[in-house]
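Shared between the two complexes below is subunit A, which has subunit B as its partner in the first and subunit C in the second.
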Partner chain A sequence: MFLQFIINGLVVGSAYALIAVGHTMIFGMMKIVNFAHGELYMLGAFFTFTFVSYILQLNYFLALAIAMVLIILFAALTERTMISKLVGKDIMTTTLITIGFSIFLQNIVQAVWGANPRSLPHPFRKEPLEIAGIFITVPRLLIIVISIVVIILLHLLIQKTKLGKAFRATFQNRDSALLAGINVKFIYTLSYSLGSFLAALAGGLLGMIYIIEPTMGALAVGKAFTIVIVAGKRSYLGAIGVGYGLGLIESLGAGYISSEYKDAFAFVILIIVLLLKPEGLFGKLRSQK
Partner chain B sequence: MVRLDANNILLKRTGGIEILLFVLVCSVLGTVYLLIGGVSMKGKRVSLFTIALFFLLIPLATFAAGTQEPAGPIKIGVIQPLTGPIAFDGQSAVKGAELAAKEINAAGGILGGRMIELVVEDGACVPAQSVSAAEKLITKDGVVAIAGAFCSSSTGAVMPIAKANGVPHVTGISTSPTLTEQGNEYFFRAVGTSELFAKAFAKALKEQLKINRIAYLAVNDDWGRGSTKAFSEAFASLGGVNLTTEIFGMNDTDYYTYLSKIKSLNPDGLYIVGNTANAAMITNQLRELGLTCAVFGEGAWTSDNYLNLTGTNSNGVYGVIEYLYTVDTEMNKKFVKHFQETYSGATPDKYSASLYQVIYIIAQAIDRAGSTDPAKIQQALKKTNYVGLSGPMMFSPTKNQAYGFNMYMARIENGKPVLALSAPLENPEK
Partner chain C sequence: MKTKKEYIKIVLYSLAVLFVLFAPFISASRYQQHLFVLAGIYVLLTAGINLLTGYVGLLSLCHAVFFGFGAYTAALLDTRFGIPFFLTLILAGIASGIVSYLFSFIGLRVRGSAFIIMSVSFLHLMHLLTLNLTDITQGQMGIGNITRANLFGYTFTTRASYYYLVLVVCILANFIIYKLVHSRIGRAWVTIRENEDLAKSIGVNVFKYASLAFVLGAFFAGLAGSLYAHYITFISPDLFLFALNTQILVMLIMGGKGTILGPIVGAVVFTFLPEYLRIADRWRMPIFGAILVVGIIFLPNGLVKLDQELKEWKMRRRVRKQKKLERTVNLT
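This part shows the complex of A and B:
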């Protein structure tokens, strides 16, 4: 039972971590609260679905790859034409515009694909694997593994490459980065695309085990936002940790305490953290200039 | 009901004589008022206040000129969730309503040839949004009756608005028992309640299917909680054992935790309350987890969409439902045929069926009332004796709760719902 809850929590936590880490990148880098972030999660699922079921009827992995390339292009285009114009604007402006964009995307998807819930076809067997009394299906196992691999790759990219150095520099201080000759505009586009890709990947993966419908993103991003705040607005490692942690707490809490309060756990933690450590668990207090 | 809305009436009636009359009455009343005002305020300029009062008189004059019934279409308001996670079910319901309106109008309308017109609003299953939808329908569109609100919580929120405005309100979907317990004489429920389902089927589960130990998994709203409460009470009174009640959020996607917990209790049966998307995900996940007990679902457990989303996983699942498209009544055969012709072969689900019936019940009540006066429609609704898709439907004397028709339980075999049990609903006030 305990191990089953842990595995359940890891699946949910993978999604939280992928969505939240992208959210943190955009938030920390560009200081923009992107309310349309969940829609990228939703688009990731719908794009993959389209390539699996309609256009070309590709193999799931090929479809996922093409969908991700398209998402990155789409995100880069949105960043250049709209999001980049919001850098440095006040919070009301960015909030209104990204909320508007999120409503727009939801309704476009509803108009094109329809409101009926769908499942994303995948080639794996439906019967679960039973390992030491724990039931897990191949797609679920794949979600856990792929998420961890992607998160490690992301960490390597940020810590070990030159590009990563530029990322970190911009993350820490935009003006100094600019003075050091870093193309900050390019870093913005890249980080927005990368953040969007992570959310879309979560959508493309989780579409296999859940059901995809136009409002799935709006619901997912609420939790992701909580995670970003709890972790500290500028800590992507924190977002990953808190993402997995929340998945596990929800699963264990619902399993051993009460399923009625499953969603309350996240918000109770949020309130406690905001009371005791308002800068977030992994955040550093910075003076407001 | 009289609505003081000049635009509304002007738009509806384009007869030259009537408009002339209207202008005449306005001018006479206005002039008289200005003269009186002028005399009493000797020498003073006509104040803004007086002018404002003059314009206030215009709608009053309209009322005087508009006592005669307008001859345009009769508007019926429909509130359903058209966005959000249950948008699909809401749109399905609207399809049924539109089909009914189309049939009624094609057969010559009501009240001797007047057409009915549906005004559809999105309530999103959010109580606040449903309330604004109801207010808009009543004050702006001037509907004579309201059908809907889908989720029990939203229907409950619309009820006082309809009552305060004296507009009859009929639901064909919301099953929370509390709605008809409020003594709201303007509210009618054309569907069984969770309590009535529970009474009809708890016995069948216990005795015919030999279920002794049962667990519950229900959506976190009035419907889910009300249903499981009613069912577990009825089940316990028959000597059955209730193991646990797990509550999930309407937006949940992962049910492994709930299902793992239920599996560890090793029940004979699992009773689940949820709509299409929830139902499909739960069904798939419970099969993945290797749950082998009998599964009973209340909600959209036999719809095409549910069956598509679950594939072979839903085989053997029982759906407790108000309606099944294979029901063998004259009315239903006609309805299914017409529905398939209209919506390119899709089979109607319970939501389409219930709104189809609700529109007929309202239209027939307006016809019986012989007027579009909502108060008279409310009186006529009480005398409903409608032959519906699943049998006769009447309303109980004080709670306005429908009874008389059949309730069904279907078992899914090879991806098709097959009628397994049926029981007529008894008058709850007998």
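This part shows the complex of A and C:
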């Protein structure tokens, strides 16, 4: 049973890591508390669902790819028209505007697709595979593998390419990056789109094993936000680690302690960390902004 | 000598007072009267959150917790122990106040984004507890058959009578808030909002004053919860939802945070507006979200500062025109 819980934890943790890295990207780069981030997770699932079941009835992977391209375009558009205007505004304004945007998106989806929960059809076998005594279904295995591959690719993009260098420079200090001739506006658009893509990918993947509904983003953004604060606001590796950690803790906690209070573990961890280390596990102490 | 503008102001205020006093007689429709009662309850909630969010400057996303906790306290005291209404009202307020005081020991240690996520998590946690502690709360089934409010042998059965009960509580609450805001305490709150380090350096006990705003806001939310429970006579864990909290915040921000009048205006306008959007049917909530986004961008100080905002717009336009003119003059 223990190994089974670990596998489940890794599946959920993969999604948490993807969403939280996206959130860190937007939060760390633009200093925007993005409450609409969970809705991108939801949109990712619904776009994929639409291409699999309604329009074209595509193969799952093709549908996922098209959905992700659309999400990136959509995110870039919202960044240019709205989110970029929020950079530098106070936290209350940005929080409320992104909450308004999330209400907007959530209810648009509800109006178009309807409120009833659905499941995303996928072409894989229902019977689980057996690998070294552990049973795992193909979709779950895929979620773990794809997430890890995407996270590694992202790491390479940020650490090894010239674009990644510009990315890191802007992340560290916006003004010096501007002085060095980096197109900061473009970097912002890119980081918002990339962050949104990561959340949407998590939605498109998890849709295979969980029910999708218009309200699914609310809890996701809460978890992502918690992970980012616990990890220390501006730490990518921290967000990945804490994301997987939270997935494992929730899965084990649901198995051995109580499944009703699964979603409460994140809060308890948040309290403990903020009491002992207010700057987060991997954060450096700086003036609170 | 009074100017024309001041006369207009006096006329508008007296019309507003007349409207508030005789609201239930304006419309005989039961639904309209129901909305008037709800507006009163929202005024209490919004005025309460205004203390922490408007004056102390901490965005609270857990105000709905204190509303729900008050409602459950009142409902349980009433259905299990048959405690009379005026006691459940006060006890609900005190219970919510105690919960907020306990939470403030954890929550008020952090600021900014960390406080926001703390408060959201607290909301989710309390929602989970209400759903799962079925022995006490009956979970998703909720608690029904709460008795109607009863004071000195008079039972508030009609909506109009209940409106006046809520109105009295609202007036008292706003009077207390007005007195506090215009005292040493209110000045301490605003100092914390504007510059916390400065507040500390001049000897303001930040935790004490911030938690006072928090607890007092929660107390009013508890009263609102009790009033709601005895009015609807049925409550469910939905009271702890994020959406309710958002609604309170919208009322506060769109009305005008950090003012006495703002929460009142915001609560009334945004109780009625969504109802009139019902003609838009299923596009109602998307439109509501869009109004929120556009409203905060263009009216960051709320409806009560509308005239100032217009003045600034005009000023900016004049400056722009002037510059354009200067440029053309320079060219020629």
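Following the convention adopted for this analysis, the second predicted complex is superposed on the first by the 281 of 289 C-alpha atoms of A that agree within 3 Å, B and C clash if a C-alpha of one lies under 4 Å from a C-alpha of the other, contacts with A are read in each partner's own complex, and residues count from 1 in each chain.
Basically, contacts are C-beta pairs under 8 Å (C-beta built on N, C-alpha and C of every residue); 3 or more make two chains touch, one makes a residue touch a chain.
Since this is a predicted model, take the numbers as computed values, not measurements.
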After lining both complexes up on subunit A, report clash or fit for subunit B versus subunit C.
clash
In the overlay, answer first, second, both or neither for which of subunit B and subunit C A:M82 touches.
second
Touched partner set for A:K126, first subunit B, second subunit C, both or neither:
first
Quick check on the superposed pair: does A:Y210 touch subunit B, subunit C, both, or neither? Answer first, second, both or neither.
first
Which of the two partners, first being subunit B and second being subunit C, lies in contact with A:E260: first, second, both, or neither?
both
Look at A:N8 in the shared chain and tell me whether it touches subunit B only, subunit C only, both, or neither; answer first, second, both or neither.
first
Let me test your reading of the model: by the given contact rule, A:Q110 touches which partner, first (subunit B), second (subunit C), both or neither?
both
Quick one: classify A:R168 as touching subunit B (first), subunit C (second), both or neither.
neither
Return first, second, both or neither, reflecting whether A:L275 touches subunit B, subunit C, both chains, or no partner chain.
second
Give one of first, second, both or neither to describe whether A:K185 is in contact with subunit B, with subunit C, with both, or with none.
neither
Clash check vs subunit B: of 8-16, 116-124, 188-196 or 224-232 in subunit C, the offending stretch is 224-232
Can you list the residues of subunit A that meet both subunit B and subunit C?
106-107, 110, 219, 260, 263
The residues of subunit A that touch subunit C in their complex are 27, 33, 82, 85, 91-93, 95-97, 99-108, 110-111, 218-219, 222, 225-226, 229, 233, 260-261, 263-264, 266-267, 270-271, 274-275, 278, 288-289
Under the stated contact criterion, what part of subunit B meets subunit A in this complex?
82-85, 87-88, 91, 220, 246-249, 251-254, 256-258, 260-261, 264, 276-277, 280-281, 284-285, 287-290, 305, 309, 312-313
Which part of subunit A faces subunit B closely enough to touch in the complex?
1, 4-5, 7-9, 11-12, 106-107, 110, 114-119, 126, 128, 130, 135, 137, 206, 209-211, 213-216, 219, 250-251, 254-255, 259-260, 262-263
Would you tell me which residues of subunit C are touching subunit A in their complex?
53, 57, 59, 106, 109-114, 116-118, 120-122, 124-125, 128, 131-132, 242-243, 246, 249-250, 253, 282-286, 288-293, 296-297, 300
